[in-house]
Every structure is written in structure tokens, then in C-alpha cells.
């Protein structure tokens, strides 16, 4: 297990390096002088030059990159051009909001998606199954921001049940609409994966064995089939957790949610390179870390792929 | 007492799988045709035509293409004509989808919006295909260092959240239709390359490739004659679905103000313009969103149908 | 053998199981009749797709519905018609009074539960035992099927077992509630030749110990010869010959059975003969020919064979055959060559 984790972490290193280089180059190409961003308009050329020297932005790009990497190795993500604050503190302020929203969405998609998928599989071709199939197909195709707007109009404006945007005091009612929006596509996928794996698992020989033992229908479905069917579902939900933690730009924008997606988006518009690069690196690290945890859970669920030293499998 | 030994007297050596009789019946008819590429596509087409949902998808796609091509004929008004008196009117007989804040006819704008969406879908996916197929073939067929480098670069693309990547690209390239093509096109190559590489790797091991090689066929010939036709099915399925994704991403970029610039009618842009008026004119946001939904639905249904058609065993 | 005196424990009458597929109706089991006596081993033999496994699965109600459907028939077990039994009541028979061992032990055990769990589950499904009692009973069962190092094996997962061990575990689950009938559906097909004999001996030994009955489904005539007392030969969903094992091998009356025996090598035969495979393949079960299903491949076929399927007749005592020409084989006017 230990070697497996170590190997996975080592595999990530080149990806991280590649991403930092890519982002660094991209942000450097953007023809905007950071010194001008920081200082007020009408600053003297001398003041600009002093600041450039202080920040090192007059140096060639590889020198700047090396400086950045050294900083990064110490856990320092740099200083925002706009806010004159450390990127670490900006991320620390906004990231928890995104994580909370991501978990709310994961909660919704797991419960709704798995439930709908099981119903759909157990009552194959019934009215409920058709309903689930149609609604998941539509949910997959729906633009999330449009769905968010529809819900804002419906539940916020017309019915007045829920707040339309913002985090307010952070109570649950503020979470409902953004979390539903964020979870929409994934819920559909979870339901589809659950349905198809359940149907697939139900054709297995060991399901026939379970019936032949004289087990009740429920115990065959909810014990024997479900545990096998959950393996791909949990993998999907785990990967989705990684994605949702970074991919909520649209949802956070529509609902004015003070999260990391919106922060990075605004930073891109403002050419605030340190925030963009720092934020993205953190997102990717989280994504990778979550995937690693998913793999470990996967191994616990499916004893055939125990990862002890990489040689636990005998076929 | 009995004149038989216990082993090696099986009547038939294949195992008894009566449970899937229906499948074996279908398989039998296919066995003879399995390796002929033309009949693979013919069979797939036959199955596709029988699939109602796929046909609905195909119909939507065709209608959308026609709308995009003939939008000047179909649209009752010029999409950019502003009539002050008509500002923010609800749907009516003259203006089916109502008018926006500037008094422009929403129906006409939605019709013209199909042009951008279809164009982005087709061009962006073509760019992804061109890059992805080339690099995927390089990677899958030759392996070695080129494979390692290409796949590591693909990893970097995969580690990026899709929308974030598109936003970064658009910031660097600047807004505009052409740049939307390029950004979405470039972001999509990695999936195509991976898909193509893995299907090449699996086909490379098949007997008929061994046979072709044994007969002295050149690499280029093997790629063109054997591997391309046989590994195209997953690419076709993926690309069909990907047109839908590209349309959604274009709309999202335009929604965020990074994509198509006004006054060009784009569904995403119309949505973002309508956001300020959801209190007073909710129909403004309803129809462009519906247009995106229906178009994407068309491509997804068609893609689903194609996947089932190419691989009937996967269907359930 | 004095089978006649023994009590009939299972009686299957005119059983028909069809599959309704897109391509048409597959008549997988089409009019099967047989009975099983206490303590007896009944062999069912036939080619792939002859309906022998479907017959067994129908008895336990394990046919997937749809596409499968039991069209008609009776399955009388201990005086009760299992086909009239509600699905929810069938579970009291399954694994309790009638157990089944499947063909492929690799896929028949659930990969995500350990052996102990699956074994205890089989016990607790029908017996009201505490955890501890069930655990002890499971250990006892493992001992009966010859699995050593039992405490460790209880915690093992199926993938950690060899094929033979998995089949032993399957057998342990099947006999957990001392069933009166054990259906073994090609129990050794997926196993190594050396393991096959061990597993069959184990089943035979357990049968004798518990005086239960066994339905042994196989396409291996050697296995039939060694373990079965009576044999039903099936072809294209229909039983074509049903008799004692001696009659089946030494007085075959159906051309298909003749062909089966002819296709098997006899090691202690004096003169070296060529193996004679049956020419042709079984018909598609969707478009069955009007007459005898075997007529196409039968070198003895005469005109009536093409018009209707021959009725099953008891040509000798306890020797049932469905062939128009069986009488001629019997009185010697037709040579069996």
C-alpha cells in the first residue's frame, strides 16, 4: 500500500511541474505589466521601474520561474498583484466556501443519484425507470448556468422560498440552490452508472448463486448486487468530488458564491497571475489527492485489488 | 465395468452457456462479417436506424444544421434590428419569443444563434480530431519516447478542470469567435488522442493485423487500411458527444463574456445579457437556454445511439 | 437395480420453458418429463444448448423472466407443484430442500464477500442459528468438503482460492441445509482434469452419506457412466431417450444416443475403430423443423420423421425413447451401425 501511494505521488510530480510551466508561460505572455497593475495610474516611470526590480519581473522568464519554484517549495504561493495580500491567505479565505459547496453537491448527487439508479434498475422498464432515464438524459444536456437561473427564478423570485444568491450567514438555505445546480449533471451520471452497473451485476453468476441459496430478493439486491455495483459508482463520485472542488466557476458566478472558482475567474480577468497559478496548483493537487483516496477506498471495497506491495492479486 | 475413461471424451469442448441463447443467435449471424469493415458500418447503420431515440437525435441535429444554414430565410426579422417601442415585450403573434431590452426579435436571434453554436461544434471538434488523431496515432503505433511525451502532455491537459482551461486559453487568446474555436479545439485533443491510442493498441494485437504484417504490408498501409477503419467507431461516438460539449462550453464562455462578442447573436451571450432582467423579462433567458438544451440533447442521443449501434453487446 | 420400489421425490411433467427474444421464440425446454427417486443419481446429458441447464434452472425458478417464461408443465416436489408456488415462497425450497452447484466456480461466488460470510449466509437463510452456531456449522461444512486450514479459509475471498477449492466451497454452501436434492450443473466443466474426479467423488460421497438425490448435468459421457443410475438424453430441448445407465450405453435405441456413444473413444476396445462424430450441428431453437428435430442429422431418418415429432414410448420396461425406428433397433431388424 505504502509503495503504491508513493508511486502515485511520484507520478504526479511531472504533471504539477508541467502545469506550473504552462500557466507561468501563459500568464507571462499576457502583455500586461504587473507593476502597472499594482501602482495607480499616473505613477512615475521611475516608480514602475523600481517596483519591477523589486518584484523581479524585469528578469527573463526562466529566472522568474525558478524564483517562483523556490518559493513554492516553501509553501509560499506569492503575493497577489491586485490585493497586495499573500495568495495563501486569499485561498485560505475562499477555499473553505468551495469545499463546503462541493460536499453539499456530493451529498445531493450520492443520495439522489444512487437512489434513482437503484429504483430504475430494480423496476426496469417501469414508469419510474422511464422517468429517471428521461430526466437524467435532459440533466446531462442542460447548461448548468441556465438551470441555476431557472431555479433562481422559480424558487427565489416567484416562490420566494430560498435566497437567490450569496452565502448570507452561511445557513443551509443559502446552499440549496447552488448545490443543486452544481450537483445536477453529476446526479444524472450517478443515476445512470448505478442503473447500468446494477443491471450488469444482476446478470452475474454469483447473483444466481445467491438466489439459489434461498436468499430473499431484497437481500440479493441490497447485499450481493449493491456492494458490487457501488464500486464504479463510488469511483465516479470520488473523481467528481475532485472536479467539483475546482470546477464550480459557473455556479459560483451565477450565485455570487465567494469560492475559489470565482476567485480564480476574477483573477484571470484581472490578470492577477499569482492568484491564478497558485489557485490552480492547489486545485490540481486536491484533485489528485482526492483521486488517490478514491483508489484506496476502491481497494477496500473490491478485495481483488488489494494493493499490498502491488502483488496481492492472484488470478 | 464401463468402457469409458473419465476424461477426454467430451462431446463438445465448448462450455454450456444456454442462458444467453438470444445473444448467441445474434452473434452467429455476425461472426462471418466481423472482420469486414464495410459490413461493420452497414450493420451499425442498420441498428442505428432501428433505434428510435437515436433517430430523434439525428432529426434534431439535421434540423439544427438546416436552421443554421438557412437562418436568413427562416428568421422573420434581422437579428440586430432594434425597435425602441418593442423593448422587452413578451411573446406575441408577431414576436414568438418576445423581444429583448433593445427591441430585437428573440426568435430571430435564437435562429441566428444556431449558426455560432453549430459552427463552434463542428470546427472545434475538427480541430480536436486533427490534433488528437495525429498525436494518438504517433503515440499508439510507434510507442516509445513519443508515446511517453505525448501521454504526459495529455495528463497535464486532463489535470485541468475543463472550464478553467477554456477560460485561461480565452484570456490568453482574447475574445472572439475564431479564438473560441481554437480554445475548445485545443482542449479536446487529449481525449481523442487517448481514445485513438488505446484502440490502436488493442487492434494492433488482433490476428488480422499480425496477418497483414506477415504478408509484408508496410506500416503506413497497415495504419490506413486496417487500423483506421477499425478504430474509428469509438472516435465517431466520442466526437458526436463532443460536439454537444463544445456547444455547452462555447455558450459558457460567451456567458462569462470571454467568447463571442456582441452584436453577433450567440445563445450563451443572450443568456448572460438576460441575467440582469430575470425579474422583469424572464422569457429572455428561457428560449436561448432551451435552444442549447435541445441541440445538445440531439447530439447526445445520436452519440448514445451510435455507441449502441457499434457495440450491441453494451446495450441495455 | 431396484429403483422402481423407491419413492419418487421429484416429478417433472411436460415442462416447457421458452425464451421470447427479438429474433423469435427460443424453445429451450420443450416438453421434458422425468422423475427422480430418493438416493438416486439421475444424469442429464446432451450437447450445448440442448436445454439441460435450463431444465435445472427452471426447477429452482432461476430463469430470468423476461425473456424466459415457463409455458406449461408441473414440477412436483414432495407433493407440491413448484411452478404454482409464489416466487416469495420458492426461497424456502432453494438452498434448503433443493440445492444447486453451478458450472463455473470462478464466477459463481461473490467476489466482494469472504467465503465464511457466504457460507454462514447460506446457513442462516434457513436455520435459526446464532452467529457462533452458524460459524461452527460453517467450519464443519468446510471439513466435510475437504477444505483444510478452515479458520483462515473462512476469511479468504474467492479470488484467493483455486478453482477446485471454490467448487468445494460451493458444494459446502449447497449442502449447508442437508437438501434432499442436489442439482450439479456441469460441476466440473471449468476445472482441471485431475480436480474433476475429486469433485465428483466428493459429490457422490456426500450423496451416499446423506441419502439425498443428485441430478448430474453434464456433456461428459464418462461421468454419466460412472456416477449416474438413470440417464436422460436431451436433444434440442426435448428428451429423446430415458433409461437406466446400462440400457443407455448397451442398448441405445435413439440414433442421437447412438451417435453420442459412437463419438466417444473406447480405450479398452479390442479393434481400433475410428471415432465417428455426429455430422452437422443442432438446429436453431427458434425455427425448429416440423418433424423430428434430429432428422436432419440422422442417417436412419424415414418419411414420418419429417412430418411429426415421434411420441415418447416405453419400448422396454423403464426404457423410454422418442424415435419411430426404435422398435426396429429393438427387434434387430435395423443394425445400429
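The first chain written gets the first letter, and so on, giving A, B and C; residue counts start at 1 in each chain.
The rule we apply is simple: a contact is a pair of C-beta atoms (placed from the backbone, for glycine too) under 8 Å apart; a residue touches a chain by one contact, two chains touch by 3 or more.
This one's a predicted model, so the numbers in the text were calculated from it and none came from an experiment.
Of all chains displayed, B has the C-alpha centre closest to the centre of the whole protein C-alpha set. Interface comparison, A-C versus A-B: the higher number of contacting C-beta pairs is recorded for A-B. Put simply, the C-alpha centre of subunit B and that of subunit C have 50 angstrom between them. Centroid to centroid, with C-alpha atoms defining each point, subunit A and subunit C lie 54 Å apart. Per-chain CA centroids place subunit A at a distance of 23 Å from subunit B. Of all residues in subunit C, those touching 2 or more other chains are 57, 64, 104, listed in ascending order.
Subunit B meets subunit A in the complex at residues 152-153, 155-156, 159-164, 167-168, 171-172, 244, 248, 251-252, 255-256, 268, 271, 275, 278-279, 282, 285-286, 289, 292-293, 296-297, 300-301, 316.
Of all the residues in subunit A, the ones that touch subunit C in their complex are 203-206, 208-217, 224, 227-228, 231, 301-304, 313-315. In the complex of the two chains, the subunit A residues touching subunit B come out as 14-15, 18-19, 22-23, 26, 29-30, 137-138, 140-143, 145-146, 149-150, 152-153, 157, 196, 199-200, 243, 246-247, 249-250, 253-254, 261, 264-265, 268-269, 271, 276, 280, 283-284, 287-288.
Of all residues in subunit C, those touching subunit A in their complex are 57, 60, 62, 64, 87-88, 91-96, 99-100, 102, 104, 107-114, 121-122, 125-126, 157, 159-160, 170, 173.
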